Structures are given as structure tokens and as C-alpha cells.
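Next, two complexes with chain A in common: one pairs it with chain B, the other with chain C.
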Partner chain A sequence: MTGSTPIAPPAPRGGAPAAPAKPVEIVEVKGKLKKLSTTDKVVIGLMIGIPTLIEAVLVWFPAVASIVLSFGNWNGVGSLARIQWIGVTNYQNIFEVDPNFWPAVQHNVLWLVFLAVVATPLGVFLAVLLDRETPGSKLFQSVFFLPVIFSLALIGVIWQLMFSPEQGLVNGVLGTDIDWFGDSGINLWAALIASSWKHVGYIMILYLAGLKGVDPSLREAAALDGANNRQTFFRVVFPAMKPINIVVVVITVIEALRAFDIVFIINKGNNGLQLLSTMIYTNSGAAARVGYASALAVILLVIALVPIVTYLSQAFKEENR
Partner chain B sequence: MTGSDFDALLRKTGMNRRSMLRLMGMGVAGAAAVPLLSSCTGTSNGGNTSATSTSTASAAGSATGGSAAGGGQVGGSVSFGSNLSDEVPKKAYEAVFAKFTEQSGTTVNVNTVDHNSFQENINNYLQGSPDELFTWFAGNRMQFFAEQGLLTPIDDVWAGFEDQYSEGFINASTAADGNKYFVPFYNYPWAFFYRKSLFEEKGYEVPTTLDELKTLGATMQADGLAPIAFGDKDGWPAMGTFDYLNMRTNGYQFHMDLMAHKEAWTDPKVKTVFDTWKGLLPLHQSDPLGRTWQEAAQSMVKKEAGMYLLGMFVGQQMPTEEYDDLDFFAFPEIDSTIGADAVEAPIDGFLASSKGLTDQSRALLTYLASPEAQLQYLGGDPSNVAANKTADTSGYSPLQKKAVELISSAKNISQFLDRDTRPDFASPVVIPALQQFLKDGDVDSVTNSLEDQAKTIFV
Partner chain C sequence: MTTPAAVIDPEPQARGRRRNRRQNYTTPLTRGSRASRIGITVFLGGAAFLWIIPLAWTIYTSLRPIDYFKDHSYFSIGGTYDFQNYVDAFEQAQLLKFFANSAIITIPAVILTLLLASLAAFKLSRVAWKYNVPLLILFTAGNLLPQQVLATPLFQMAKHTPLPETISDSGSFINTYYVVIAVNVAFQLGFCTFVMSNYMKALPVELTEAAQVDGAGIWKQYWKIVLPLCRPALAALATLEVIWIYNDFFWALLLVQKGDRLPITSGLNNLNGQFAQNYNLLAAGALMSALPVLIVYLVLQKHFKAGLTLGANKG
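Up next, the complex of A and B:
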């Protein structure tokens, strides 16, 4: 009994069946590889080829074409042979002649600083508050996120109503007579408030999602070590949220650079609201100043590359770890 | 009521991030995107709305109309690209086309595109697969496409109705190569609009010279009114003020030469214009850059402002029952040697794309040039007047009659700054420059800035 039973099971378990099973599996795997190799190649080829093609056609070609066109003068009509190649004249004109360019850069920078210093931290703050599951937390989440869902046209209408000099709510409540969108010293700030209204909700949702993903045991450990709420957040949770923090920073930068909609709804990017994006718009389209608009687009591209490259290098570093 | 002047306004609704991307793509991708984008504008924006009722189409029309709907080129139909996306003009056009179909049995396949998108994609539209005929403007905006070979000359069509048009309209329809490309449909004058009841009540006299205008302004100010309503948030209304001041100070020819940059913006003559304007600014409503033309018009309607220099479409802001209270006077004379016989009256009409003409499109152009088609249209959109001088004006409102009088007495008709000069100069350069001038009143700075930038564009 004792002799036969222990011997019998080990033999089939570890020895005999296992030994033939392993080679079979390998053969099968090898066979699969061999069998599927032609289909596989096609599938892999398509899976790599199609995205590459899309990327090349929709991203690389336009980017390169834009760089090339920025050295030309062309009204967009007729064959490419009609482009006059004028070297860096477009860039010279942008930097030296165009009275809108430097204000536009300034406004873009101000936009970035405002979002980074005011709007983004506010979004993070709201996320931290709402993460505590206080009563009504879900309701507040929805309320703060609502502006992100609204269409741009609607946002434009809402803020026109808020800031209208004669019929607006802001002037009505404050009892002031300020021309919010017409006064070039103020309208950028009015636009920034409208823009932040949307940005805060966006950052809040991103950060909230990140906070939900933080291992609760980290907080427990911190609490056991006697850390208070503030210390727990800044010393433990915030560092643990590094990937989300990078995303938030990059999104803030990109949002600042591509700022367009609200400004365009207000006055098409004139009179104190010049931005690089609205300049590109005004010079393309009906104006058809293709070379000039391309040069502006290249400048914006170069500026945008800085945070994007930073983000990518960070992301790859994370992966390598 | 529908002019390029409205572009700016309509952008408000037409704009979103997608169209931004589309435009970025257009500027960026350039040539590669051309066929792709133009096919988009041709088909996706409005779809085909046939303006005809099937019962009125003749046998030939309905037999070929179906097959022609796709290509829109053969058989008993014409394809027609329209930027009249607003409700009022769209309906008015539908009525015109229905009449045409009734008479000729030719179906009109109307491809309506949002007003603003139409304007912005016009280059690609005309190079891609355009409709045979399309709505457009006289002046440099027509000239430009004629030079690029994107239009078909229509001199033979014109031969049929040339005697029904005054010289101003014929000139406005002729390009630099001497060929005619444009069929005028209607136009509307720019002038000082005011409420008759206000002028009667206060005993104001219509000014005929600049000095009288200033005196009137001072009186209005004393009465607690803003003399001249003014809103330039969208950038284009100030162009009208500049056009008139320049034409009255330096004459029509100088104005047109300036628009073509044959004259310099730093010319002392141009500086005089800005100086005059600066002198008039205290009579204008303050803070114009935060006010739309509609808001400015409302202050005239509410009798908070005395008068308003704008196109006749200002009437849209009048309550219908008070429409008859609206009146206008021509921009006063500034220099008696120059006079006041130049009128700003943008003309809207039609062009034939490079697809060439068919019997059907010839018939439609001829019909559209006729007084009956134009009056039919005005029945649905009374803020314009017919271009054809034989059109019966007996059905016109007093305001329309006065407009006809003003336009027909004009020696020269300008088309508005953004139609008389290059589009890449008007909107990216002139709008910000004029707005800056309205803010700081710096004559030297605005003329230098305009000249520096003009040099980089008119090369």
C-alpha cells in the first residue's frame, strides 16, 4: 500500500508523461510559427504598415510640406511650380515686420504661465478635495467637469453673456462698466478666465483618475508613521503620481499653445488677443498666404516640440526602469 | 444683406476646432490636400438641395436631371454653388430657381455651403470639382480668380443684356483682361443711416459737408446722444469708414490705386485721411472694439445714437413695424474739388467656374441677369436693390428707391475694402492696423505699419 501508491503517482506526474509532453509542446509552437509565418508576415506587415502609412501621410508629410512651404510664396492656386522660393523672407517678415507676432508670442506665454500657475493647480486641488468621498462628491465632479463637455460654440455664448459690457452678468453683479472683451488690457484675462473654466475640469478628472489608482496602503503606511494629511499628499501621494503629473504638465503646455477657440469666438484673435494659432488661421483660409501661414505653423511646431520631446523622453525613461 | 462683410460675423457660428484643423491642414499640407479638401466642400457641407418641384420640371428636364445630379454638367440641369446659407437669402434663392425651372424646364442643383466655409475654401473649391456657377463678389475678389484662370469668361452671355446695365456694373464685371466674368445680381449702398423720427423731433438737418457733419455731431452730443454709432469688434466695419474718408479726400482713383498698393500708405494724402478720422473719433461711440455692428445698430434703433455709417443691411436690426422710419444720407463731401459722387455699394452676383458653359448655365445666367429674377429675389430679401437698371422700382420701399437713386447717380462704385484689395492684405493686416489706430489714434504708426506690411505682401 504505502509502497505502491507513492511510487505510482510520481511516475506519471513528474516522469513519463511530462517528458514526452514538453517536446510535443515545443514542436507545436514551432509548427505554429512555421505554419502561420506567411499569414503572420502579412498580418504583421499590415499592422505595422497601415499605421506607418497613416502616420506618414497625415503627420509627417504635412509637417515636412509645411516646413518646405514656409520658404515659399504661394497663393494656393495652380501647380506647385508657381511657388516662388524666397528663402527665409517669410521668417524675416514675421520676426521683423508683422506687428502681431511678438504680442502673439507674449500672449501664448502668458496663457501658459496662467494655466500652469493658476488653472492646473486649481484642478489638482479640486481633485484632491473630491477624492475624499465627501457627501455630494459625485455631484461636484459632474459640475466641475461639465464645461469640458460643452461645445465650444456654447462656451462662447455663455462667456459673451457673462462679459457683455452692457447686458453682461459680470458687470451687473460688480456694478462696473468694464468693456471686458473690447479693452485690450483686460480681454486677455477675461479669455483666460473662460479658458481656465474649462481647463480646471479637465485637469481635475485626469488627476482624480490618477488618485484613485494610488495604492491605499501607501496612505495607511504614511498615517501609521504619523504623517498628517498635507504631509501624506506632498511626501507620499504626489511623488507616487509622477506619471500623471507628467501628463498634466504636458497637457497644460499643449493646451496653452493650441489655445484658439475662445479667443476666436471673442474677436477672431485681434485687438489684444493675438495668438499664434489665430494668426495661422487668419493668414491661411481665404487669405491664402500659404507660405507665410506655414512659416507661422513651423514656429508653433518648434515651440510645441519642446514639451513633447520632454514628455517622450520621460515616458521612455519610465519604461526602461 | 449678404456680403463679405458678414464673413466675420458668421465665423462665430461656423468656427470650431475641426474647421481649425482642416484649415491648419490646408495651410500645412498645401498641394496634397487640395483635391481632398475641395471634394469635401463640394459634397459634405450642404448636400444637394434641388430648388425645383418635380411637377414643374419638363419631361426633358426630369429625364436628364436625375442622371445629371451627380456630375451636374449634362442634360437639363445646372449645378450651382451657393454661399447663401442664411435662412432669408436661401429661401429667396429657392423662389428664384423655382421660377427659372418653371420657365425653362432646367433643374438647378443647388449646393449650399455655410457662408463662411465657402469663403475660406474658395481656392480649393475652384481647383477641385466646382459647380458650374457659383455665388461671388465683384471687384478684386473676382479679378483674382480670373487672373488665375479659374473662371470662364461670359462675354457672349453678356451680349444679351449689356444694355440693361449701367457702366459701373459693367466695369465691375470686367476683369483686367477685358473679358466679362461676373453677372451682377444685387447690391446695397453704404451710407449714414438714421431714424427720421429722431431727426424730426430734434430738428436736425442732413449734413452735406464734413463741417456740417461735425456741427451736427456737436449738437447731438449736447442733446446727450452719441452722434455716430460705431462697433468694430469684428474688424471690418471700420473699413467702410476708411473707404469713404479716403474717397472723399483723395478721390476714387487714388483709393483704388492705394488698394492695389500703387500708392504708398505713408503718402501724406493717406495721413490726411487718418488725421480727419482722428478728428471725427470723438463723435463716434467710445470703445468700439468691444461692440458688434448689431449692438451699435441697436443704439441707433433705440435713439441713443444719432446716425450710423453702415451698409443697408443695418435695416435688419430695425423692428419690422418701424422699418419705414429708417432713412439715410450719403457720406458728406470733404473736398469740393473731389465731390461726393463715389459710392460704396458692394455687388453680389455670379461667376462661371472653369468647367465652362453649357446651354443650361447660359440660360440660368441670362435669367439671373434679368430684372424679373432680381425682383423675385428682392421680394424675399428687401435689404438690397436690383443690379439691372431696367428693373421696375415701383414695388420698392422708399429706402430702396433712395438707394437706387444714390447708386445710379454715382460716378464710381467701390466694392468695400476687403473686396477691393487682396484678401491676404485685408484681413490679416488692415483689420489689426485699423483697430490699433482706433485705440491709440497714432497716425504715423498706423500708416508706417500698413506700408511695411504691404511691402511684404504686394511683391
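Up next, the complex of A and C:
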């Protein structure tokens, strides 16, 4: 919430009497800006230079390097000169040979669909109900929110205790002896439930903030026009929340692509839990199939660019106008 | 919505409709019938009950000795309840070392991230330059990339960048705290720069203009004028970043191969293997790993929630 108000463009400043003087002053200052002292120029250079360098070297260089390395074959030993350039062979192998790739893509898609169709709407629904401020809503809100502060690794462990074949609560309550995380036919669903435990709370808190940010007079106007709660929400409140809706969608997509920790804690991404992210990890570190892992990363990057570009064009709409 | 809300002025008409209901503009006008409100409360209560079960079961498991579970069933009630598992897990898993590793990584990483992000944000939001927006987009986009896209080259870079053996026993950046700190900083820099620059943009221009006329240099404008005003945003970001960097699993897992150098979140993976036969110990160890974030969250709840929505409300 704190962010919403300061983000608005600075309101027109000064009362009527002072106003005529203002523009002149600004022009003057802008003129002075060009005559920055040498010290100031150095300070500004370092100010933006150091962070940009870090961002470039540790984020953008590796991202581009992934693309380049994906056309080569290298085991990470010795100098870069030992890379054999093999064109699109890595991609061919991924698409045509690797038995894990298509299952991984399928699982990633399923992950996305589940978060988008089940977890995210549930978070939105909880937020809408909590926004009504019925008794106890503050307490309930804290309960739904609690998993958001836990690491996904911890959530993996907690749900392992729930889903354990013999000692888990789920089997204990249901009287079954299913190996929820071990059975390759169902472990993805079990992992999705564990993952949603956090995702729902995250979406809920974002959406709740969004709801509080909607101008209350919009609702009042709708109510005066005789709209009921449902109409007010879908026709007035929901469209007014377009920015937050986009953020929620983008977070859902990105979380689905980033999914890693829970699956890794469960079984390192094998046996029914393959994801693109775990495949990259197994091929990149000690295994050192650098080109192959990079090609997988490029595929993930290409998919990720869709939500990233969507979000950025939304977030920087004003500046570009 | 097309209607600018301010034009309507709901005051006179709305007052009559409010009847006896408390109304303070942040609550919805139509609060629904009594029956629907009771229905909502019951539904939310039920959902919250379901929600707390996994955590409650973990806590319950952690308080029970495994022997009692084995003799009776895992779902038994009665017998011993104590903190012995916590003591045992703490000692056997050398949790103290993992906690220390987490602190060594998290504290400098958060400070550096906020410092560098606020520097970049000051330049990008308050010193005119035609490349400000493209650069800000580059920062923001960097944070949105899936970590795994950068993983392979980063690992090779760390492995092939030599460090004197006196500093790193691996002779490179692999297995060092430095590389984990650096990568966490780089990755979080984008989000923090984005948030800080939005915040700084909203501060009145006159503040720095006046200082400039009085002869204050850029550094003074940043350090003495703008930064102190950014305290709320810094507090919110700090809370958020402590939790995010502390919770990081992937970077440490990728770049640290020595088990005893891992931060506690990634160390959980080792714990998981170590205590595979004793879930009661595992539960205690896992819960302890969450204690620092739980404390941060409970103390700074307000800042944390503010931080989560700082980036989201832009648009």
C-alpha cells in the first residue's frame, strides 16, 4: 500500500501566487544540471556504474552466455577454447532424444495450469472474502499468510511429514497407505498442493492490498446505482484493479517456471517430478554438460520472456507514453 | 474505470444509506446480510483450520519422541511431550553452524543490495539522462528471470575465476560465501532498484533543487536529503529481503558444494537425508530453520506486508 500513493506523479506544486515563478526556476536548475562539477560527475558515474556493472556481470552476462554456450559442447574443464561448436545438436537431442524433456515440459505446463486455475483464484477468492472484514478475518488472514514467509524448502519438508506413507497425517486420516511423494503417478499433484499452500497466501495478500487500494467511492457509486456485491465486484472493482491483476498473473506464471525447491527436496526432480528447472540443475553443476544445460536454459528463457515483457510493458507504460 | 472518483462526491447521498453501520471508506459499502456474513465467517474459519493443519502436525510431531510413536502409533495422543527433539536435532545436525552461515550470507547481502539499489535508484529517478528508463527496465527484468537460466554460466564463472588459496580453499569462487552473497545481491538488485526509484520519483523535486542552489553536491543530496526520506521504503525492503535471501535455496545449492558451508535453507536438504529415519527430529530441525524469519516477520509484520505490495502496486 505504501507504494501506491508516492508512485503517483508529483502533484502540481505551489499555490496560485507562487505558480508563475516556478517554471523559470526549474529551467534555471536544469541549466545548472548541465554544469555539474567534476566531483558530481564522478559520483554519478560510480552511483550508477557499480550497480550496473554487478547487474551486467552476474545477471545479463550469464543470461547471454547461456545462449552462446547452448550451441557448444563443453564439460567445463580447461579453457573456453576447448568448446566444440556443434550448432543446434543440443536442441535436437533435447527435443528428440532426452526422455525427461517432454515430461518436464508437461509438468511445467501442469504446474502453471494448476496455479492459474486452482491456487490463484483461491487466493483471490479468500482476499475478496477477507476484504468484507467479517469477525476473525484478521486472524484468518494471518493463518493463510504464514506459509508465505517460509522457504519452499521448509514447505517441502513440512509436506513430506504430511504425505509420508506410514507416518504421514494424510494417510493416517484417510486410512490409506499411498506413497504420495514416491508414486510417480500422483506425486506431481501432491507437490502442487504443497506449493499452493504458499502461493495462495501470496496471491491473497497482494490482492487484498489491491482491493484496499480501489477508490471506495467507486463502490459507493455502484451501490447507489443498485448494483449487488457480485455486480460491483465484476463490473467495477475488478476492472479498476487491472494493474494488480496483471501482477498476479505474472507472478503466477513466473512462479510456475521457477518451481524448483519443493521438487528438489522431495526427490531431486526424478520419477514423475521432472521440471525444466531441475533438469538444468542436474546437467549444470557437477555433471557439467554445459552446452546441454544451457540449451535447456534458453528454452526456459524463451518461455519466461512472455510474462516478463508483459509485465514490463505494463509497469513502464507511463514512462514510454 | 472511466469515472474519476473525485467528481462524484458521495458524501450527501451516501450518508443516508449508511444507517447505523460504521463506515470509514476502507470497508466496502455493502456488507451483505447477516446470514451471508455468518456464512463467510464459517467458510473462512474452516479454510483457516485446514490451512494450519500441516504446520500444526509438524509442531506436534516435533514434540514427540520417536520411540513413543513407534510403540504406539504415529497418531497417538498422550505420553511424553517435550523439546528433546529440538535439543538433539540442534546438536546432531550442527544447526548452529548452518545458522551462522545464513547470517554470514544474509546480513551483508541485504545491506549491499539496499545500498547499491538506492544509489542506482537515485541516479535513475532524480538525475535526468535519456537512458534512465531503458536501464531501469534492464534492472527490473533481471529480477524476473528464472534463476536456472543463469545457473550454468554462473557456475562456470565461479569455477574459473581464481581466488588466492589464502582466501578460498577451492582456489576459486566455488564454495565461498562471497559468490553466494554476490549472486544474491545481483539478483535482488533489480527489484529493489525498481521499488526505490518509484519511491524517490515521488519525492518533491524542490528538495534537491533547493539544496543544489545552496551548493550541495550530488552525494550530499543523496545521503543527507533523499535517503533519510526513504526510510519507510528501506524498512519494508529490508524486511522483505532478509526473508527472501535467508530463504534462498537455489544459489547456495548451486555454488556451495561443501555441506558445512551451506546456509540453513539449503542445508535442510542435507538434514532431510540425515534424518530420513527420524521424522520427529526432522520436524524439530525444520521448524528451527524457520525461527529467524518467524521472528523477523512477527516483529516487522507491518513492514513486510508493505514491502510485498511496494512493487506490485505500480501501474
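Assume the second predicted complex is superposed on the first by the 258 of 321 C-alpha atoms of A that agree within 3 Å, B and C clash if a C-alpha of one lies under 4 Å from a C-alpha of the other, contacts with A are read in each partner's own complex, and residues count from 1 in each chain.
Here is the rule we go by: a residue touches a chain if its C-beta (ideal position, glycine included) is under 8 Å from a C-beta of that chain, and two chains touch if they have at least 3 such contacts.
Owing to the predicted nature of the structure, the values given are computational and were not obtained by experimental measurement.
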| item | value |
| --- | --- |
| Chain B versus chain C as contact partner of A:Thr52, first or second or both or neither | second |
| Touching partner for A:Asp261 - first (chain B), second (chain C), both, neither | both |
| Partner chain(s) touched by A:Ala293 [first = chain B, second = chain C, both, neither] | both |
| Partner chain(s) touched by A:Phe61 [first = chain B, second = chain C, both, neither] | both |
| Greater residue coverage of chain A in the superposed arrangement, chain B or chain C | C |
| Contacts of A:Thr282 with chain B and chain C, given as first, second, both or neither | first |
| Contacts of A:Val88 with chain B and chain C, given as first, second, both or neither | neither |
| Chain B versus chain C as contact partner of A:Val306, first or second or both or neither | neither |
| Partner chain(s) touched by A:Glu133 [first = chain B, second = chain C, both, neither] | second |
| Touching partner for A:Val117 - first (chain B), second (chain C), both, neither | neither |
| Intersection of chain A interface sets (partners chain B, chain C) | 61-63, 65-66, 69, 76, 151-153, 156, 166, 260-261, 264-265, 277, 280-281, 283-286, 290, 293-294, 297 |
| Contact footprint of chain A on chain B as seen in their complex | 7-8, 11-13, 15-17, 20, 23-34, 119-124, 126-127, 148-150, 233-235, 287-291, 295, 423-424, 426-428, 431-433, 435-436, 439, 449, 452-453, 455-457, 459 |
| Chain B contact footprint on chain A (complex, rising order) | 61-63, 65-66, 69, 73-78, 80, 89, 93, 97-100, 151-153, 156, 165-166, 179-184, 187, 260-261, 264-265, 267-268, 270-271, 274, 277, 279-290, 292-294, 297 |
